[in-house]
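Each structure below is given as structure tokens.
Common to both upcoming complexes is chain A, partnered first by chain B, then by chain C.
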Partner chain A sequence: MDAVEKANLSTSQKYSKEVKVGEGAYAVVYKGREIATGRQVAIKKIKVGQFKDGLDMSAVREVKYLRELQHDNVIALLDVFSSKTNLNLVLEFLDADLEIIIKDRSNVFQPADIKSWMVMTLRGLEFCHRNFILHRDLKPNNLLLASDGQLKIADFGLARDFADPNVKMTSQVITRWYRPPELLFGCRFYGPGSDMWSVGCIFAELMLRTPYLPGESDMDQLKVIFRALGTPTEDEWPGYTSLPDYMVVGQYPKTPLRDLFTAASTEAISLLAKLLAYAPGKRISAKEALHHAYFFQPPNPTHHSKLPKSKPAASQENDTPADKKAQNELYDSLKGGTGTRKRKSSMGHEGPGRPPPLRHGDMASTVTGSSSLRSP
Partner chain B sequence: MSRQSILRASTTSGRIATPNVGSRSTGPSAAPTIGGFYGGLRDDTGKISEYSAKDDQCPICKTERYFNQKMRLLVSTCYHKMCDSCIERLYSLGPAPCPICGKTLRKMGFMTQTFEDLAVEKDVFIRRRIAKEFNKRRENFSSDKEYNDYLEDVEDITFNLINEVDVEKTEARIAAHREENAALIELNIQREERDVMAAQEEEERERQEKLERAKEIRREEELERAERAKESQRILEELARGKDAKQVVAQSREATAKREAKRLAERNAAIMATMASTNKRRGEALIPDPPHKPLADDWYDYGDKYVLRRDYDDAVSELVRGDMERLALAGGYRVEDAWNRAVRYAVAGLETTPLVGLPS
Partner chain C sequence: MADGNTGPSSGEPKALEGLSTGQSGRKSLWQGSSQYRHWRFSKETLHQQRTQINESAVGAIKNAFETDEPGSSMGIEFLNAEDEYALVKLYVGKISQLCGHFRFDEEVEATAMTYLKRFYLKNTVMDWHPKNVMLTALFLAAKTTNHPISLEHYTAHIPKTSPNDVLELEFLLAQSLSFEFAVWHAHRAMWGLWLDFQTLPDSRPEAIKDIYNAAIDHVRMSRLSDAEFIYAPSQIALAAFYLASEELAEQWAKAKGLSPSDLDVIKEAASMISQESEQGGGINVEFVREVDRRLRLCKNPEKIPGTKAYIKRQEAAEAAAAEKRAKKALEADSQDMDVDVFGSKPINDASMHGASSAEED
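Entry: the complex of A and B
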């Protein structure tokens, strides 16, 4: 047994696998425990051998980038070890995600709560961008919430580092509702601005409590965006008509954001407008956004320990075993890593072949899949 | 009543064909005369204070509104309508029976009609009367059950009066209750008044605070404008004196930014103070929310160890030059980011201690 094998064995013995929590096309997730401390962890066992061309691309990405990023607002990858032919990722255990919180109508959001979530999202994303990493799949479902209320960006299965100038990137990333217009027009050279659009959509969703730009297909997505924000002019977004997949979508007038976000403060509207700017180069960066007046305006962002939390899915009088409840919660927290993985694995490679477009049904199945598992 | 509110009354009622502005009364509302508009007189808040309709008719003298635009229909204590001239004719010599039901009425006892439906009118009137006498509160009872029983009784009495069931017995019950609880009723009336006063005061104070704040902001804006004008005047003068333009502009920008920051801080402090006082008044335990700090980590990015140049001789980035530059611009790709990364990694690498003991 050589040194590498020995190290691997000692790592794998640090954790105990308990119950299986969920299974996707690409990974099986277990609830586990660190034996020394007793702390709960999630163990994501990646299926190898199913794909002939070796390890799944998103697993490589996840390991590669999470290994680099250590931040309060980015999910922690605690360890990686292999067992037989499988790769195991040991991840921080998290209770819920922002989507659950948004959908739970019993939660009332104060403006300060939204501010707090935005601060944590932007801090995490700023840290990624500072390390030259694009997340490329930001959505409420991928913003996990720890039991102390801290928000953590998760699911780096589509992440990549900033491209070198001569490398084309795929435009088939980011879940459709959160995908910026430049990617919908097939742009192959983009940057951190594309993540910022998603943040804008999430900000709007936090205020509206419903997805802001829910397109039914890629074509429809552009229509929905233009209808909401007006068709961009060449002035507003220089050069967009020469993007690879450019097509005429139709002329829609601009309506002020104020008309829809009636309760938002002036500063909130101003930040939202900057996040949803058409020209990606003019879109506010994560760092600039964190210095935006919105965050300095009272009220102060809510302390993370006081933020609204999701109610446990199983009610008290139900005789659901405690571990089943935890199991459901864990499944929820990792469903980005299991349920949605199917489509991602099919389009993970940055190559000349265009990956198949995301289907609306994929998203729907993710949602229904989780709820059917959640209800006792 | 202002012209505006009359017009609003006429347009919102929906019962009118054309608002007859010509015969509109401009007199004080103490002696309201109904002009050529229907739906009723409205008070300052837009609520109808006296109801009237186009097809009104006095049931006694059969005068129709069509013939007498200024006719007022009032309601007797037995809830029968009659016009003001009939009231004058029948009751100016003292109490007399109602021409419809025979109940003895007095001229003073007539009320204005607020609701279209007289049943509602009656209901509201009786409830108001009962509420005045049966004003006990929860704290006057020792248990929820007793309080609930009391509320049930009150509801019974109200129902009886409205539907005229056992009126005499019910009136006797009311009288008995009044006698028994005279002191308590008086006390509760006083309490009620105090509560209403306090609520009004609170509202007034909050309104004042808001007004004050708005005034303050306006004053500041004015100040800002004046300062800006002064500033540009100063710049012009200095330029005329032949100073370096760039320097002058930079100086003025700095001064403006400083002023703005100070102003913002002051305003925020003021808002926080009022919010804190509101929270305290509401008795909320306040766990402090620390003010926003943009970045919370202390991760070192070597930013102080190098300065990024504006351009590099970079063969790799040739692709995004020229035609591609336009595409990159449209997509938000910045070649500077790639340069920044390359330079930072190089700089960071300088601090790494070489590995020792590697097989050569």
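Entry: the complex of A and C
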């Protein structure tokens, strides 16, 4: 056997797969262990054999970026190995995600808790942006939580490097509710500001305990945004009416954020407004956000070990249906976009169903250089 | 396999590394990259790596020959590390031609070249011919740099190549790269330097442009050399500028507070590049042709369909797979027994295989 194959085999033998915790069209996630240390890991098995173009782009992106990024607030890719026609990513095992925590009504969030999740999200994202990487799919479901409460940004299946000026990127990225208005208007040149809008939506969701801008379609999404934040003026967002997919959405008045976010501090409102600035260039950066007064006013962020958690993970055999559901939802984010992600909640108190994740189009359609993604 | 190439090499070039952060004690982005951590060598360790790969390959192939037919390895002139290197280099150069054909971005081209060079730090040409690996390297590089093209379109434009030829090697290539797809390139660093030059006092944009055009040729030449394994991308970029205009490079270094001795490593890199240019890309076509002729005789028979060694290897692989299947089937069987003692559900081969293959890796 060749040296390279031997190395691959010995990597694969370092881990044992235990239980399947999620399955989708594109990947299966197992809970497993590093045999030598007993450390829990998640093994994401990507079925490559079915792709006629070999390793698919989500897998390539995820591996490429996670191999480079090492940060407390970015999920750790511990190893990669292949087995026959599958690619296996060994990731650190994480118990929950922010969406589960937000939905769990038994949790009460203190302002200090929200600040703590925000600071961890921004630290992780600032690190990505410092490395010239755009995430392009930030949402609570992709912010995973370790058992010690540390937040980790996950799912880099849509990530890419910043493009050079004049290089077009696809506007079909970021799950609808978290997608910024410039992408909804078909803007093909964008940067870290687009991720920052998603952070703004997540911040609002943490305060409201329900998605802030839940549009039912791409068209409706703009309406929902304008209704919440007022139709942008030319002054606020110069030139936006000449974006490729611009359309008249309607005139909505500006209502102060304060009216909805009644319990938020002045600084929290100020940061939120800067994250949700219409003009992408005026939107606050991750680095600036970390220096915003919000983080320097009391209360101090809760230590991550003291943050609200989802119910203690029951052992596999004792899983209640609710636990199972929570777990399936958690692993949706690891799978990075699959058909199994539909999760119209049975609890029925949160409005429309989550928008489906974005999936990559057939690579054949990308010959022209524009990556094509199917809209949700 | 142990990564023989981790850790800083001896006599590590210092100038320019970590300049970007200006912070001591904190890793720069470059230092956090997989390229910095795993793909840097000294000239000596690089030589050792190639020699070691070559020697263990020759040992293994001799064995395979003997398996095929005892005594058959006698009198075969196996390739040595230098022969291998020369052949690989020829195909590194060919990537440029292919990229021109597909109008690939420079990023794709440079990345494919790096992949091909890295592949042969872990493998031998006697197992995998670079003309095949080159095609997979380019196809994978297009994907990892975000310029994917469809495989059908790709192979339709390459004579005598089927989609399967390209895909077959994709996993092996990815494994050989340790799944480290991100590459830092000198041409990117050059762009940064060029922008920086324009901020120098009394810089003359017109002159700088000519210098840039000359320097980019030096960077392209550097891709045929080992420079990227030994120097940082920014060092290669400055070396390229140094070759194009010593004056400008020195002026910039001074403005950045580098001492003249900091430029020593730049001059070293520059001489590696200019050596490459003098040899006309360092490829002696006659010599390489001879290497390729000898390669036909010393290819690993395990990799050639039809030979005894190949058949034996296939058989061993199949036996291992069958054993694994049997084990899984047995496990599935015993589970079935627990719940379905009386066989109300027919247990036939097909359903068992179906169940086990779903669970297979």
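As a working rule, the second predicted complex is superposed on the first by the 310 of 376 C-alpha atoms of A that agree within 3 Å, B and C clash if a C-alpha of one lies under 4 Å from a C-alpha of the other, contacts with A are read in each partner's own complex, and residues count from 1 in each chain.
Definition applied: a residue touches a chain if its C-beta (ideal position, glycine included) is under 8 Å from a C-beta of that chain, and two chains touch if they have at least 3 such contacts.
The model shown is predicted, which means the values in this text are computed figures rather than measured ones.
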When the two structures are laid over each other on chain A, do chain B and chain C clash or fit? clash
First, second, both or neither for A:Q150, with chain B first and chain C second: neither
Is A:S270 touching the first partner chain B, the second partner chain C, both, or neither of them? neither
Given the touch rule stated above, what does A:N107 touch, chain B (first), chain C (second), both, or neither? neither
Examine A:Q40 and indicate which partner it touches, taking first as chain B and second as chain C; both and neither are also allowed. neither
Touching A:R130 in the superposition: chain B (first), chain C (second), both, neither? both
Taking the superposition on A as described, I'd like to know which of chain B and chain C A:S217 touches: first, second, both or neither. neither
Look at A:S82 in the shared chain and tell me whether it touches chain B only, chain C only, both, or neither; answer first, second, both or neither. second
Superposing on chain A puts chain C and chain B in one frame; which of 2-10, 20-28, 110-118 or 236-244 is the clashing stretch? 20-28
Using the superposition on A, tell me which residues of chain A are in contact with chain B and, in the other complex, with chain C. 130, 161
In the complex formed with chain A, which residues of chain B make contact? 264, 268, 271-272, 275, 287-292, 294-297, 299, 301, 314, 316-320, 324, 326-335, 337-338, 340-341
If we count contacts the way the header does, which residues on chain A are in touch with chain B in the complex? 71-72, 112, 115, 119, 123, 126-127, 130, 132, 161-166, 182, 187-194, 237-240, 242-243, 279-281, 283, 287, 290-291, 293, 295-303, 306
So, in the complex, the side of chain C touching chain A is made of residues 1, 29, 32-34, 53, 56, 122-123, 127, 139-140, 143-144, 146-153, 163, 166-167, 170-172, 174-176, 178-182, 360-361
Residues of chain A touching chain C in the complex: 2-8, 10, 12, 45, 48, 52-55, 57, 60, 63-65, 67-68, 70, 80-84, 86-88, 130-131, 160-161, 362-364, 366-367, 369, 371
